[in-house]
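What follows is a pair of complexes built around chain A, which joins chain B in one and chain C in the other.
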Partner chain A sequence: MSQPTVVTVGADMFADAVAGQAVDVERVDWRPPMPGTESDLATVATDARRPEANRRAVEAMLGVTAHLVDVAPASEVLGLEKGQFLHAGPPITWDRASGPLRGALMGGAALEGLVDDPEDAVALFESGSSVTLEPCHHRSAVGPMAGVVTPSMWMWVLEDRATGRRTYCSLNEGLGKVLRYGAYSPEVLTRLRWMGDVLGPLLQAAVRGTDEATDVTGILTQMLQMGDEAHNRNRAGTLMLLRDLSPAMVASLETGGFAGKDVADALRFVGGNDHFFLNLAMPACKLALDAGRDVPGSTMVVAMARNGTDFGIQVSGTGDEWFTGPAQVAEGLFLGDYGPDDANPDIGDSAITETAGIGGFAMATAPAIVRLVGGSVPDALATTRRMHEITLAENPRWSVPVLEFQGTPTGIDVTKVCRTGILPQINTGMAGAVAGVGQVGAGLVTPPAEIFPKALAALAARVPT
Partner chain B sequence: MKDHVELRSGAYADSVTLLQVSRAVQASPGVVAAQVAMATGLNLEVLEGMGFEVPASSPNDMVVALRLDDDADLAAALGVVDAALAPVRQAAGDTTVAPPRTTASALRRTGVDALALVSVPGASATVEAMDALEAGRDVMVFSDNVPLAEEVALKQYAASRGALVMGPDCGTAVVDGVGLGFANAVRPGRIGIVAASGTGCQQLLALLHHAGASADGVGVRHALGVGGRDLSAAVGGLATREALRRLDADPDVDLVVVVSKPPAEEVAEALTRDTQALGTPVELGLLGRGQRDLSAVAEAVLLRLGHEAPEWPVHGADNTGPATGPLLRGLFVGGTLCDESMLLATEALGPIRSNIPLSDDLALGDELMVDDHTMVDFGDDALTQGRAHPMIDPTLRNEQLARAAADPATGVILLDLVLGHGAEPDPAALLAPAIAAARRDRPVPVVVSLVGTDLDPQGLDAQRDALVAAGAEVHLSNASATRRAVQLIEGAAR
Partner chain C sequence: MSQPTVVTVGADMFADAVAGQAVDVERVDWRPPMPGTESDLATVATDARRPEANRRAVEAMLGVTAHLVDVAPASEVLGLEKGQFLHAGPPITWDRASGPLRGALMGGAALEGLVDDPEDAVALFESGSSVTLEPCHHRSAVGPMAGVVTPSMWMWVLEDRATGRRTYCSLNEGLGKVLRYGAYSPEVLTRLRWMGDVLGPLLQAAVRGTDEATDVTGILTQMLQMGDEAHNRNRAGTLMLLRDLSPAMVASLETGGFAGKDVADALRFVGGNDHFFLNLAMPACKLALDAGRDVPGSTMVVAMARNGTDFGIQVSGTGDEWFTGPAQVAEGLFLGDYGPDDANPDIGDSAITETAGIGGFAMATAPAIVRLVGGSVPDALATTRRMHEITLAENPRWSVPVLEFQGTPTGIDVTKVCRTGILPQINTGMAGAVAGVGQVGAGLVTPPAEIFPKALAALAARVPT
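And then the complex of A and B:
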């Protein structure tokens, strides 16, 4: 034993008494936990399985490298059949679905030819016959905003080569009037058809024709050092993807019989859509987090997702159970004349990025967009530091230069959220509340606080006695 | 008269800070009564008792309740509240990096040698302590009201990590000369102490320090508290074993002393066996019927180190006249001092009623005083729930002191007063007037064991002089104070 530094938590008087003896003191700014959680917190804290379980969950998650191995229609890779619709967030039924989710489902129904006019799909979904809704997460997939996936949509296929596990995500349509924000006008459907007819097959040829599969996790490492936080800013990542895929896209002019105009259109479309890489960042995050699932005793959050009505989380130690509460409306900046009243509550599976420690958690590395989401640079640094208070680990691959290359805060711990009252910070786009409107803004949002005590109670109930 | 009650949701300060804030605002001009507290059930009762009407609230709200002669003074009084709360806020906000919010986070920011000192409310203490153990660090848990099952879980996990849990309800530790919690400032030396008792440890520190002034090489290197329940059957001495292992392995420790409240018999037996296997000699000072008192343990330690035990000092013996009635009233802030006094007094006077009785049939109810010899431990969990320890907030004990003095059956009042880091800056200033008031109408003998050292921040001499001036007889040894009180009662009986 030698003279120690003393960490004090509790009465300041004792910290003062130690400091008065010329000993270094680190004071915890302790505050009472979320109301009513003390007993569950103690139960989970003393669960003998927990420390090792969390270490295993974190290690499994950090051990995953996501490679881009294919692009293919959802009907092939997910076995999705006509009338089956995937959507973002926890499970929901049509009667509780919000405007943007309804709009995207209506557009999806028209895309699949179930109806001619998207408006006619309302009756179809109300009747519920011959259509089913299911969360993307239940099919190893993730979808941004409404997250609607139909059989004909082309999907990115990512694989963890160590285990062969795969995750999937649709191709990004760009910003503005797009299906994922609930828009279903003719231009939206026209673009989706072009993506199915041209972009998807071309990207498939490119991915299959690229010798070395693209390391998506590696691109994330680089883009975090180039000003992207991989949720609301994906500019560097998109360009790096293009760098990897464009030789094979051009080569496909000969090998695949694609037309020069198609290749040029595709390169222009990808290069002109700063969010294109988001749909690779998301399944890469899911692939990592899925490796941390189902560890008994682990308090790590493995999914945060919203369907526009409910915000839900899943936790490693509680299997597939969703803990849900009302989705909140983001605070931030609005496009054009739109205001807070026009915005729909939070929607999308894209909070998988924050769950994996990037997006809002890596805000410090993306100062260029802090104003877009209504903050300042000091706010951004403070946000990333604050997220370290509720996470289990730092990601050694994903580091933030401005914070002395500290790893991103990784593995949200349900107990730490309940103890500190600090909620995960999510960067997000805002969809219009009315079906068909599209994007109205972007901003910051947090989950509803009550879902964390719910998850904690379920963890406590599973502690062996 | 005008009441002002406001809820501040999201505001939080610990109970000790709030006590200081309340005191500051009570002294503000025009303030008749004031209480600033978290809206816990107990505090709401207190506020109600003071006649304040508190709107619906949660325990996470801070209540500011003021009663004023004149509305005009309200702004000034609220200013005092804010000013008194402000240093806490500054401490949290004067750096660009926000302070850590959990023990785990704080430990990530410090070096590998860090240890944690936990004094949050008992319901949250286990969670913070686990943070330290998971990081492989030692932890002292000052908090009381921690459930026994959680203590066992903490100590079992610690054993698997080779970490030490000092506590829960551990008042005192000295780690390589650094005092944690309520600890006396002592001369460094080659003695190691393991203490399942905070004030028992402090008594030993005070006695050894006093003796060390004239005995070369007598000083304390470490005093590792393990919590008052460590030697119970349920806990089985888990922390005591780890502390003994540490001290045995320390080449700078020549002699180990174990002090404890009365332990479970089978645990004491096992411990006695285990200590014989250690390389370092161990002096066992386990309190109990027929066992040595703490002063005798200190004397045995001195003897083992080749020194004669000194006469333990007494001051103000001239103040004390004969007992004024048949009954002995002991009012303690130190649980082990209370235990020790009960054990000693029982031998001479028979059964003593107490809130921490030697046997269940002697339990005292909420009234804390009956027509029998009584000894009360004001540091007991039941009397500290939702309020600060009596070493910081002596209100309850001073009230009981007045009641005891007013009872014609009271013959002698026996008190303790404990100095050291963490205790009141000037506890005699609060106790001396209460003693003087108790002796105003009739000269009830007041015998005080004053546990402290001349290195303590309060200054032993000044504290003693103030008590003597108020009419008390002051002992350094609690055993000697108790024997004196017993002798006076026996004198009255004859």
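And then the complex of A and C:
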């Protein structure tokens, strides 16, 4: 006689009643889709192009290897001119900009000599006559936190050698009172000037003088085996970068006219900043995701970015359109006496790491991060497992040893997010809400739920009838 | 009415029968003690000195912080003279020495100019007239694998500043064809000469020129959060060492008369050898364990070491006596075409890491290591949990994030090993059995069980009556 097995879906009451009669129950975890998405879900889910389009988008993304090929000023590699400012996230104007973005723009204006005192830049940006704001993403760049890039800032240049495509990111300043967290005090500007005068040129000499270009994608592979998730832990990555560049930095002493003190200072600066590699992880993720853009019918998210006011996503099948909603305030741990009231809403292009399947999506491989962003170790493991429910693939090059080398959950699917209601998990630094404050903490945050139904609607509107 | 709960011990049959009647069962994992140890266990377990003695030994061990204070030739810091050779493990003579130990001694004799051709050293060691063999441990030193130290080799010098005690270890050569695995070809000797002529002096200049002495114990704390268990994974540790020493290495260009090429070569050599830090982890562990020596009544193991023929342990309560048995062959993964028949029995002082609670004891924090030494990720997690059953303490400074920051299992208790039959888990490199071959693989191994009852008997004999 065969035993009956009952499959139950949804609420537990029925399953419990059946189990109480000693019948085997297979429980299926089911939740209703996000409200109002039923019709668009039906349209997009039955779009015949979707499986192949997503396969192509994923394959293109996973096929990219990012090599570090140069370091150079933004004026040279991005054609950025005096008065042009890049910033993180979707497009925004000064009047809607949050405190940390304003603070970073004010500091950037002083750095470029547009004003002597950063405070004087407020009038400049309010008038808007000689300055422009533009998202980093619109110039193949990404910027952490405020993400402000000015012409004199030196940029990492990453290249996909198969296609020649390039992405860019500024050099990381460290933590605390730094421009990207909205601080603009004299110490911030002094550090930025040293980075422009010494660190940038020295890194350029080292990158140009290193025989084999550093494989940033490969370093990310190693980092995930070394407790880094490459968003808020970049310790091992930073150390591997130092390992790869330091011999050529030493060689530049004899060939490039640098002083021993400059090289020693640079080694100490990079070695003392565990987040230094973040600014290479981010453009490596963007380089991969950009390869998955513009595939008609693909529901894969290719960018998640925040400007401190709005959270925006872009999706492969909908071109350059941003779907935006209000950025949320992270929950987490605070520095010193700061608390939740001091924190600005979510800001920065760094969620490009989660978009590519690392950062919050790979927290299982970096359990020590809970000491920085909060939560528990079991939460960190569960988060990575949960993200597999809303992604299209596992990345075979980026694996999580403690999950028996399972690939990271990669390629967020707008359809799956709307279908399950599970939101992408991001871990992030928190900037002070007031311009000039700098970092106040780090924590966990999600996008505003509403942007996924918006993207789904746009995808549905493009499905051929 | 209260439900009955039954506590069962030992075999499962009774527990299963009770559980079958719907009674709650609390199963206690119980095994008989090692055969023949019952009487000694009763004597040692009831020794009134034991709890306090072990508390003192553990506290002394955990209280040590190892600082890197110098790098200098063995002739200077150990007073080693021409013809004197140190080796890993308990004392042994040439006639009982295994292939890799013989190979390393032959190469060492050539390095010191005692012979021109390493093959000619066989006669030298057979005669024994102008050469002596002595364990590293007898000179406050430790050596990985064959562990051969000769007067001209440069040694790391670690110090416990609270007491001025010091320990020593040679510089790591890398993997494959290297002296410590028993290889002695010209490339091996050329590398050792470069290490003596360039690397050693340069590291000495860097260590002496670094303002704040490197805290090796603190680096070990960080490594355990970065996927290293500090025996067969030392990647993060090696990178942190480079970070700490490279600025002073650069400064030595101007003050120490070194060439830029030497510094760049040294940075590449260290950066290209993920095991470089092992030779700092080992003496840091010895420095801590030595503080726990010679506490009357303590059953804590203070050294586990192998010479390729014998596996020996020393115990706090029994002074310098070695308890030895035959070294076992590891099970694991092999390089190239090598297989189990090519492997020498277990060799090296590196099991000092397990003695101190890392290495095999901390495999849970380094799941990627199963790709090197074999086994599975669940095994790695289970191993660390199991080692808590035979240890006296958890190390608050060395924690395992994925086990919710539980301290590593520290201080092997001879009593607990005999009582449970659980043997310490060691992970290890495998040397070829034939002198000259070098490394053939890496794997997992335990001490021979018999040495723990031997140590227990010696402890029992010292219990006051």
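Assume the second predicted complex is superposed on the first by the 438 of 465 C-alpha atoms of A that agree within 3 Å, B and C clash if a C-alpha of one lies under 4 Å from a C-alpha of the other, contacts with A are read in each partner's own complex, and residues count from 1 in each chain.
We adopt the following convention: a contact is a pair of C-beta atoms (placed from the backbone, for glycine too) under 8 Å apart; a residue touches a chain by one contact, two chains touch by 3 or more.
Since this is a predicted model, take the numbers as computed values, not measurements.
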Notebook entry, point to check: Taking the superposition as given, does A:95 touch the first partner, chain B, the second, chain C, both, or neither?
Noted result: neither
Note to self: On the A-aligned overlay, A:45 touches which partner chain: chain B = first, chain C = second, or both, or neither?
What the structure shows: first
Check: Touching A:377 in the superposition: chain B (first), chain C (second), both, neither?
Finding: second
Next item on the list: Using the superposition on chain A described above, determine whether A:225 touches chain B (first), chain C (second), both, or neither.
Entry: second
Check: More residues of chain A in touch with chain C or with chain B?
Finding: B
Next item on the list: Give one of first, second, both or neither to describe whether A:212 is in contact with chain B, with chain C, with both, or with none.
Entry: neither
Notebook entry, point to check: Which partner does A:271 reach: the first (chain B), the second (chain C), both, or neither?
Noted result: second
Check: Which residues form the common part of the chain A surface touched by chain B and by chain C?
Finding: 378
Note to self: So in the complex, the part of chain B that touches chain A is made up of which residues?
What the structure shows: 12, 14-17, 38, 58-60, 88, 91-92, 96-111, 113-121, 123-124, 126-128, 130, 132, 134, 142-143, 147, 150, 153-154, 156-157, 175-181, 222, 246, 250, 392, 421-422, 457
Next item on the list: Using the touch rule from the top, collect the residues of chain C that touch chain A in their complex.
Entry: 222, 225-228, 235-236, 239-240, 242-244, 246-248, 250-251, 253-254, 260, 263-264, 267-268, 271, 367-368, 370, 376-378, 381, 401-405
Check: Mind pulling up the chain A residues that touch chain B in the complex?
Finding: 1-15, 17-18, 20-21, 23-24, 26-33, 35, 38-39, 41-42, 45-46, 48, 51, 378, 382, 385-386, 388-389, 415-416, 419-420, 422
